[in-house]
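Right, I'll just put the structure down here and ask away after.
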Amino acid sequence: MQNLYIILALFLLLNLLAGMWRILKGPAAADRMLASQLFGTTAVAILLLLAQIESLMALRDVALVFALLAAITAIAFVRRNWPQEPDDAG
Amino acid sequence: MGAQLIQVDWAVVLIMLPLSAAMLGFLLPGMARNIGLLAALLILFTVVGLGWQLTQTGVYSHVAGGWLAPLGIQLHADGFSLLMLATSAIVGVAVSIYSTGYFKAADDQRFWPTWLLLWAALNALFLAADVFNLYVTLELLGLSAVTLASLTGSKDSVSAAMRYLLSTLLGSLAFLLGIGLLYHQYGSVDIAILSERVNDSTVSWAALGLITAGLALKTALFPFHFWLPPAHASAPAPVSALLSALVVKASFYILLRLWLGLFDFQQDSTVANMLGILGATAVLWGSIQALRQIRLKMLVAYSTVAQIGYLFLAFPLAQTGGNRVWYAVAYLMLSHALAKAAMFLVAGNMMLFGGHDRIVNLDRVVQRLPVTVAAFGLAGVSIMGLPPSGGFIAKWLLLEAALAQGHWGIAGIMMLGGILAAAYVFKVLGYAFIPSPVPHQAVSVPARMQWMALLLATLAIMAGFVAQPLMQLIGIGALFDSTGSMP
Amino acid sequence: MEAVGLWQSAFDLMLGFSLFGLAWRMLFCADLFKSIVLFITFGLLMAIAWVRLEAPDVALAEATIGAGLTGALLMSAFAKLRTLDNSLKSGQPLLPRPRLHVINFWIALLFTVLLTGGLAYAVLSLPSHSPGLSDAVMSQLDSSGVTHPVTAVLLNFRGYDTLLEMAVLLLSIQSVWSMAGMSDAGEVHTSPVLNVLIQLLSPVLILVSAYLLWVGAHAPGGAFQAGSILGAAGVLLVLSGRPLFNLKKSWLIRLMLVAGPAAFIALATLTLINEGQLLKYPVANAANYILLLETLATVSIGTTLLALFVGSQTEAVQQDQSHQ
Amino acid sequence: MMLADILTIILLLGGAFFFLAGTIGLLRFPDVYTRLHALTKADNVGLGLIVTGLAIQAQSWAAAGKLILIWLLVLLAGAGVSYLIANGALARGVAFWKR
Amino acid sequence: MSMLFFYALIGVGLFTLGLLALVVQPHLLQKILALNVMGSGVFLLLVALGGRSQPVVDVVPQAMVITGIVVAVSATAMALTLMLNLSRSSPGAQLPEDQSADS
């Protein structure tokens, strides 16, 4: 089982790195935010797997915090970056 | 009564007092000025108490939290700490009183809490005996200094503050990395424990490099001085006085303490000589730049760069010159702090009076602000190192050591620096007597602002008369005697 | 078990190199927005690294502050920057290339490489096993009032550092207010979906904050983490366009900002008088004292982080200084 | 090997597959809206499967509950943020992909 | 446990990479990010090497790093405020010495 957990964690990490291409490439800001959102979820999954490996349940709290705060930068982005565009009256 | 007072933890009060006052000032912005002034006077009183305690019972130490090192944090006060605490208290009180005339009431809530936090950081720093604790105080000090430097909000001051912020954060990070390495090699962040354990190892050398570089950046040693002149020149005058007199000294204080305590493992003098060369360059470069400045505050700021250079000249001399050199350095820190604070206060007066600080247009300011010009002259005497000032004592001791050791180069640099200092001081004084086509605004300068400048300048001169007792005070704890003299 | 170790090493190697690569792409790209998104991702990976290094407390702090609040701060600052700087408006800003002369650039690079080599050499010269202070911490843990060692170090063994740190936090808000002036973050238009989201999230955030504060005595958590979650809850409310409170006027806000440092100083003074040493708790009361300090520190940290977020966004006041 | 373990393995592998699908969608789909679609569905299901897989192994109901709570929070945040991003992109006139 | 040293070396790499960016990158936001990366590097080194005390990890560096993270976010907020102030008076958010004449 331990092997499976760590391999899956590694697999998810690789997934995340592959997704990095979208951040680098864009093209729109929304694409980058989107990718970053996916990374948040992936990180939660990785943390849960690591918590299982090390039998350290406190790590689930870290995952919980991630889940809670995953939204904050995205909301900051949407609320602060977009409404101020002049063409965005509606 | 006396027996009770001797037990009081004056040193701890010195930290808690400005912190509490800062919080009160933050809570009650309308009363920030009065709270601050009261705190300033109490701090002065407390330093006297600490001084008396030290003369009676010797070195003071406090075990914070009741946990002995290496687990806990210790506070430590010896003669050198006392000197710096007293210097801060004197300059701090004078600047506090001066600032009541300088700042409008509306600026009080921006100035006082920050200044009190800076004061708390200084006191905590001079009392720290733990390198990580030093890091926290350094951050508190640097961030509050940057805040004060940006107070005017002008474009120049904001960009200067930004540069200052980046530099001070970089310096702190290098320092933190250095102490991190030391901790992981020697298992403690307590200076006393580290000084027993640190030996000639790769990690020690890396830490030496990182810590020295980080602190040299914060002390604005040439060529890391780039941030200092704009930051000190564009800050409000009382702030410039604090920054030049106290804040740059604080990081030098740490460097000196760690140099004597931790880094005495290095037997060859390469690093010391390098610091000496940089110091010598700073003396020349700072003095020449000072001479070339158009604005008075820039001149005074570059003069700080030069005077910091003198502090570093001591490193090569101390390799063989023993403890006298470090006493000279401590003395120079005191007298420069007093004189330079006076000079910035003078510059503030002239700016307030004339609406500008262009040196060539000072327009017979001597007739209108005689006290202020007298203060500049007296401070200048100390900066030049002429007798009977405190600056003279310090530089004479250094020169003596240089001559005795045959360091002709250092001696020559010191002489040349003195001549250049005389040139830029007399340049200002000269224009203060000469009429100029550009008239002044002639705003009246409150008397207390003039007298505070004169008070500090006079103290800088007076320091020359009390060398013997002062040296004895500095010698409490024998920081310089025990480690300074290597044959 | 061998295989697990191998895979873990693979994971660590991958993670470490990704951190470095991310930092490189973040710091040397010509698009500021991309840099910020990469920075947030960097924070995520750092938090995973802290977990791998058996530092869940640091991971919590990184997840809330490093990745969460700093990300929001940067994002907002960037938005503000775009309104100020026309060159950034066009979506894909091209930053000026480093203005350094080519030769200077290579000198800087060479210096960096040499420094890296020197530091790496020093790090590798460290002994492969070193107890540090873990024995000292563990042997005194029983008399610290808490059972979680990180909390014991922060609030008891090195409580004086934390006292000064609270002063740094107070300074930061004093500084931001004095540089940027104070203002109320009130954005007019709201979005229904966002409102629902925030209505659901905020209570959970506050609950989790309280949970972390409570759990800090015996497990990873504590005032810093709880406080930054609280701050994040406030930031979410501000972002949703709620006129949260009147920062300039409110005496209550100032009180909340000061509560943490004030508690530390009051307790330091009290213990100095009673016990003879600042922040020396009597063993019987240590747990209560620590809980009190942590609770007030949580309030202050949360309020400070929120006020920093709001304050750093606002217009600078330079001359007007309209005071009542 | 127990039944629970086998179930966990299947669920975890399924979760990983959905993460992979999400990433491929993120990389391969042609515009913001389709990427959003691929990504949010996939990674929420992916996380859901992983959470379920781990919950089976959990020591207590509380631990399993916390895992589920984490998943719900991610779902909530994901849905909200996706809406905001899509809405913002629409308002800003980010173009649709046309075949 | 050689992985600890690997993380420590990554910390060193982040520190020097950040230093390089701090020196050569002109935009203030990049400089602020660079300082944050340098900080992360130092923190990584501190915590990673604390893991050398097995079986119980040395938590003192962890406590120091938590302190450091809070200082870092305070400093970042201040730096961003200053940066925005600066870009109000001069466009580009760069220090005068980095401002190129051609752009």
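Things worth noting here:
Note that the chains are named A, B, C, D and E in the order they appear, and that numbering of residues resets to 1 at the start of each chain.
Keep this in mind: a residue touches a chain if its C-beta (ideal position, glycine included) is under 8 Å from a C-beta of that chain, and two chains touch if they have at least 3 such contacts.
These numbers were taken from a predicted model, which means no experiment stands behind them.
Path length between chain A and chain C in the chain contact graph, taken as the least number of steps between touching chains: 1.
Following the contact convention of this document, E is the list of chains adjacent to both chain B and chain C. For this structure, the chains sharing the highest number of C-beta contacts are C-E. At the far end from chain A, in terms of centres built from Cα atoms, lies B. Farthest from chain E, judged by the mean position of CA atoms in each chain, is D. Taking each chain's centre as the average of its CA atoms, chain C and chain D sit 28 Å apart. Taking the mean of the C-alpha atoms as each chain's centre, chain C and chain E sit 13 Å apart. Centres computed as Cα averages put chain A at a distance of 22 Å from chain E.
Touching of two or more other chains is recorded for residues 33, 35, 40, 64, 68, 71, 75 of chain A. The residues of chain D that reach two or more other chains are 73, 77, 80, 84, listed in rising order.
The multi-chain contact residues of chain E, meaning those touching 2 or more other chains, are 15, 19, 45, 49-50, 52, 60-61, 64, 67, 71, 74-75, 78, 82-83, 85.
Under the contact rule stated at the top, the pairs of chains that touch are A-C, A-D, B-C, B-E, C-D, C-E.
Considering their complex, residues 5, 8-9, 12-13, 15-16, 19-20, 22-23, 26-27, 32, 35-36, 39-40, 43-44, 46-47, 50-51, 54, 57, 63, 66-67, 69-71, 73-74, 77-78, 80-82, 84-85, 88-89, 91-94 of chain D touch chain A. Listing the residues of chain E that touch chain B in their complex gives 15, 19, 22, 28, 31, 35, 38-39, 42, 45-46, 49-50, 52, 60-61, 64, 67-68, 71, 74-75, 78-79, 82-83, 85-86, 89-90, 95-96. Those residues of chain C lying in contact with chain D across their complex are 191, 193-194, 196-197, 200-201, 204.
Listed in rising order, the residues of chain A touching chain C in the complex are 2-3, 6-7, 9-10, 13-14, 17, 20, 23-24, 26, 29, 32-33, 35-36, 39-40, 43, 46-47, 50, 53-54, 56, 58-59, 61-62, 64-66, 68-69, 71-73, 75-77, 79-81, 83-84.
Remark: chain C residues 1, 3-4, 7-8, 10-11, 14-15, 18, 22, 25, 29, 33-34, 37-38, 40-41, 44-45, 47-48, 51-52, 54, 56, 59-60, 63-64, 67-69, 71-72, 75-76, 78-80, 82-83, 91, 187, 189, 194, 197, 201, 204-205, 208, 212, 215, 219-221, 225, 229, 232, 235-236, 239-241 touch chain A in the complex.
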